[in-house]
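Below you'll find a set of structures to go through.
One chain, chain A, links the two complexes that follow: it is found with chain B in the first and with chain C in the second.
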Partner chain A sequence: MASDRLVVLIAEDSPADRMLLSTIVAREGHRVLTAANGLEAVALFEQERPQLVLMDALMPVMDGFEAARRIKQMAGEALVPVIFLTSLTESEALVRCLEAGGDDFLAKPYNRVILVAKIKAMERLRRLQATVLEQRDLIARHNEHLLSEQRVAKAVFDKVAHSGCLDAPNIRYLQSPHALFNGDLLLAAYNPSGDMYVLLGDFTGHGLPAAIGAMPLAEVFYGMAAKGHSMPEILREMNAKLKRILPVGVFCCATLASVSFQRRTLKVWNGGLPDGYLLRADGSREPLVSRHLPLGVLDAEDFDERCEVFPMAPGDRLFLLSDGVLEAENADHQLFGEQRLLAVFDANRQPQRLFDEILTAVERFRGRAQDDLSMIEVGMMDVGMLSSAPVPFVDTGQQGPLDWSASFEFRAESLRSFNPLPFLLQLLLEVRGLRGQGGALYSVLAELYSNALEHGVMELDSSLKRDAAGFSRYYRERGERLACLEHGFVRFHLQVRGDQQGGRLELGVEDSGKGFDVARVLAEQERLDGFCGRGLSLVRALSKRCAWERGGTLARAEFHW
Partner chain B sequence: MAISSQLSSDGQELTISIQGRFDFSLHQAFRDAYERADIRPRRYVIDLEGTNYLDSSALGMLLLLRDYAGGDDALISLINCNPDVRKILGISNFGQLFQIS
Partner chain C sequence: MDDQHLDNAVLLGLQEVMEDEYPQLLETFINDSRDRLGTLQQALGAADAQTLRLAAHSFKGSCSNMGAPLLAGLCRQLEDAARRECLEEVPALLERIAAEFAIVSIRLKGELQRHRFG
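Moving on, here comes the complex of A and B:
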């Protein structure tokens, strides 16, 4: 049995005992090395690395205690059992043997049966230790491998899910470096008209399975936000994509929010995340409750993309957090919970200290810091304080089509479910001269389109939006009327002409509504600064010339370059 | 045993009871409780009386059961939920997919 064959070092100053021991050990099939004192034993150990040592305690030149200490030191982490051979019987001397690193004793005179049994027992221990070390190293190697894989994956992910506009001056956020592999995802982007979209997501589970869905989600988010798609469209696409690619049982709890600085509104969809909050400048707060199943659970036809809309004034802040905060657990298995979070909100005096106060409260509750929390806060700002987002477009260096016109008519059934704006923007950005003003173009298109649809086709009264209650009623009614829209149309007329210097776009947006008293409304808008009335002045500020014709049913605006 | 299951005498209803934390560590045991070739119940009851916590992987496991039991046609009720558990189910709006009481 070659594998059981050991190299055994025998250190014994009495030649007779040495001979006796060697014979016993060799008969068991082991190879024997012999030393007559401690110093020889240490030298032999260094040279031959035996697996087991029988060590006489009292020897000339160097005694067994010192030799055992040195051998143990040389052996390092590996277990080289040292069995002391001793005629000492006082407990103090035996303790010294153990303190010097000895693993066992064998009393003189030697008993063959006991010696053989002890060698076997020590060999079992030695193997156990060797296995433990081997497995420890294996685990360490695996872990290193995993971490380096995660680093590579994270680098790829960061390219796709770049931080977007998380560095905007009105955003504060906190995210652990391990967030991706905890399944947490935080994205922010502008749409072409400068609205800010924010997504906080939390995939089921941990590790690679939790991270893998983040990439397609980020791609949909950035791609569609940049093209000017609406929140419901982005939500639908994200849900459909995750449902298609993720296995059953893996999903993403998420809150998607859009903050419009021009309209001073907040639009929120929460599926499965804890309440977010709209923190008002006056200290009150509005919970943003989860009303939907998480993304990736429902089939496309069952998915509900309805959002809630809130008025949002300068100084108000949107606050979102992952469940890591609420589910922080202390030693007694209690959860941090909503009440403790709300207490932190109530005690907060300086808004910029809120994150730190939450972290401190969680840390105090748990007795140690928690590193897997994600939080984000988005403030309402005045338009113009933010750098407007460049509309992404690959510039081919070509002028694009410079002499054309087109008209589109979208009728009730299309209006119910289709958003024509990204499509129109895409078309107009074929004209090189318009690319530099893609943002303004989109804003004006969006404003005129929603006027035509909401006030023209659906006859909604914008004066409803005077206060917060009316505001939510307005958006509720908008949803209801749109869902059952049977008649009406919105037409877009596009006219592009080039000249020596540049060119111009003449844009017309026409609706099937009754029109309005243009002079009176425009005059009123000058005076108003409520939740309504921002739209038309915005159009006037962003486009070259704008006017209303045909009793207010046709709006015209021009862009020059 | 954190998970136990019992089939009604007529074989129509399988009750799975979960004790303690309902999280990923119960993944296999939970599957084993319903993926059995010898039974074909029409209704499933998940008894959460002894469950004090469930995490998102538990929600995932419930979705797997729902899928196994026929998706939209599955009849699954979650019973005896304590307030914490009910809150977690509520946030995820699982009431749209399961009968919760």
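Moving on, here comes the complex of A and C:
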């Protein structure tokens, strides 16, 4: 076979031995180069780059040890086997051959059979090394290719992910630059009324498969949050989407939370992530426990989107973390675990040092740093300190309809499962003059709707929300009553009129409830700044005129432009 | 034939490997060995133990390849003496090597004759 033909360099100072060796090697079909000393051998090697060298140890001018060293150096990573020809018997001399880079020995007198076998063995070794180098280079090229693909993917993803509000002043977060390809996902966005939605997700697996689901998840999250969809709706849609597109066994452990600065509430849904925490200003903490399966596991009909609601006062902080913290492992295969995390919480004195303290504790525990941890902390703030994102709308450049009215009635069955707000908001934003006040419009719609539904139709007593225990009872009852709602309605009356200068929207929200003592409640609300006292005064602050009619069953508000 | 001077089995093997170039191999050995004897004499005159040692080592290797065990053995003793720098042992050894080489080269020339004309 032609490919078995090698170029073999023979360096040997004795002419008879050189001739004998050359003949043996040439008879095997190889091309032979001969040198009478080490210096000649090095020069020939440089010129001809033979694949194998037979090298006498003791030669005049330059001995075989030095020549072998130089040849090995020139060969670099490629393996050029050097077989030392020697009648040396002292072990010290044999050691010198090996130290000079020799790969094998051949003793004099030469034995043809052994020489041929050694050349073949060395050739196998040489090919093995060449294959290893080739594959290493191939892997390096593939890896570089993969990394550049990941960079592109990350750049595209960052455009989507960074449309959010992770840079808001009340958010602190920590995320590895490789997070996307570790399957970690961190998103934050405002809804039209300025509530903040936060999602911490952890896809199963690593690499591209773990990253691939992040894009659609982020799209759903941002799209729906911006349009004013509620948490349950967003959760349902995210779950359905992931269930549809992800292969079996790939899913996303996630915590979705919304922080309402107007109502001072925290709403949480945790599916499969470690406990998050509501860290109170007084040092106490409320665990936010996983009560659901991860996103992308259950079919729509089995999916449970129920959230828990907590009162959240200024100074309270929401803290979420990925399982990287708890599952950090030390050399003895122990996990960092919840107890160690809680100890860090307990020892923490300065809230802004918490992340560093957790990182330090994990590092000390493992003996080295861990770079794949994701954490986020969201603080409760006063409404005025945050700027909400503009409500997204595709502007066609047209005025939109300017003289119309419409009424909608949503009855019990619809109220149970349908959120009319995004639909109404999109309809109203067809009117160009209203687009600039989309946030205020949504906030007022949301407030009037929840009043009509909760206090009107379902007759929940808002005074329950005065303390934390009553607060959770209120939301528990709200869920229970809504689930079995049989009667009642909420009506929306919309009246839009325009003129040369501007126009106005007259909004009416009517419910089937018993109404309330408007004067008394309004007076009470003036005094309150608790969990329940913000709703009506907010409506009055945001809309041009507002009033309650028909014994409190019909709320009216106006927007002008 | 068991021969201390030249091992016939080795020569047969060489003949098989070298084919047509067998005579040339023998001639090369004879000429090279003559040169080496000269080198050894000079080195002795200059009391150069290192050169003595190298030349003896190399000569020993060739002899073993050519199937001249007695000559190879004498070269090994010379190499050994040079390594130990016992130059007083060298003249006697060199004399024995020259005598043994004379026998070997006569035998090899005979082999050449046989090969060419036999």
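Everything that follows uses one rule, which is that the second predicted complex is superposed on the first by the 560 of 561 C-alpha atoms of A that agree within 3 Å, B and C clash if a C-alpha of one lies under 4 Å from a C-alpha of the other, contacts with A are read in each partner's own complex, and residues count from 1 in each chain.
Keep this in mind: a contact is a pair of C-beta atoms (placed from the backbone, for glycine too) under 8 Å apart; a residue touches a chain by one contact, two chains touch by 3 or more.
On a predicted model such as this, the values are computed, not experimentally measured, just so you know.
Novice: Contact-wise, after the overlay, does A:23 reach chain B, chain C, both or neither (first, second, both, neither)?
Specialist: Touch partner of A:23: chain C, not chain B.
Novice: One more residue to check, A:491. First (chain B), second (chain C), both or neither?
Specialist: Neither partner.
Novice: Should A:560 be classified as contacting the first partner (chain B), the second (chain C), both, or neither?
Specialist: Once the two structures are laid over each other on A, A:560 reaches no partner at all.
Novice: Looking at A:60, would you say it contacts chain B, chain C, both, or neither? Reply first, second, both or neither.
Specialist: second
Novice: Is A:108 in contact with chain B, with chain C, with both, or with neither (first, second, both, neither)?
Specialist: A:108 sits against chain C, while chain B stays out of touch.
Novice: Looking at the overlay, what does A:293 touch: chain B (first), chain C (second), both, or neither?
Specialist: A:293 contacts chain B only, not chain C.
Novice: First (chain B), second (chain C), both or neither: which does A:285 touch?
Specialist: Neither partner.
Novice: Could you pull out which residues of chain A sit against chain B in one structure and against chain C in the other?
Specialist: After superposing on chain A, no chain A residue contacts both chain B and chain C.
Novice: Within the complex, which stretch of chain B touches chain A?
Specialist: 24, 52-53, 55-57, 59-61, 63-64, 67, 84, 90-94, 96-97
Novice: Which bits of chain A are touching chain B when the two form their complex?
Specialist: Per the stated touch rule, the residues are 202, 204-205, 248-251, 253, 271-274, 290-294, 297, 323, 327, 333, 335.
Novice: Spell out the part of chain C that touches chain A in their complex, as residue ranges.
Specialist: Its residues touching chain A are 10, 13-14, 17-18, 21, 24-25, 28-29, 31-32, 54, 57-62, 64-67.
Novice: In their shared complex, at which residues does chain A touch chain C?
Specialist: 13-17, 19-20, 23-24, 27, 56, 58, 60, 87, 108-110, 112
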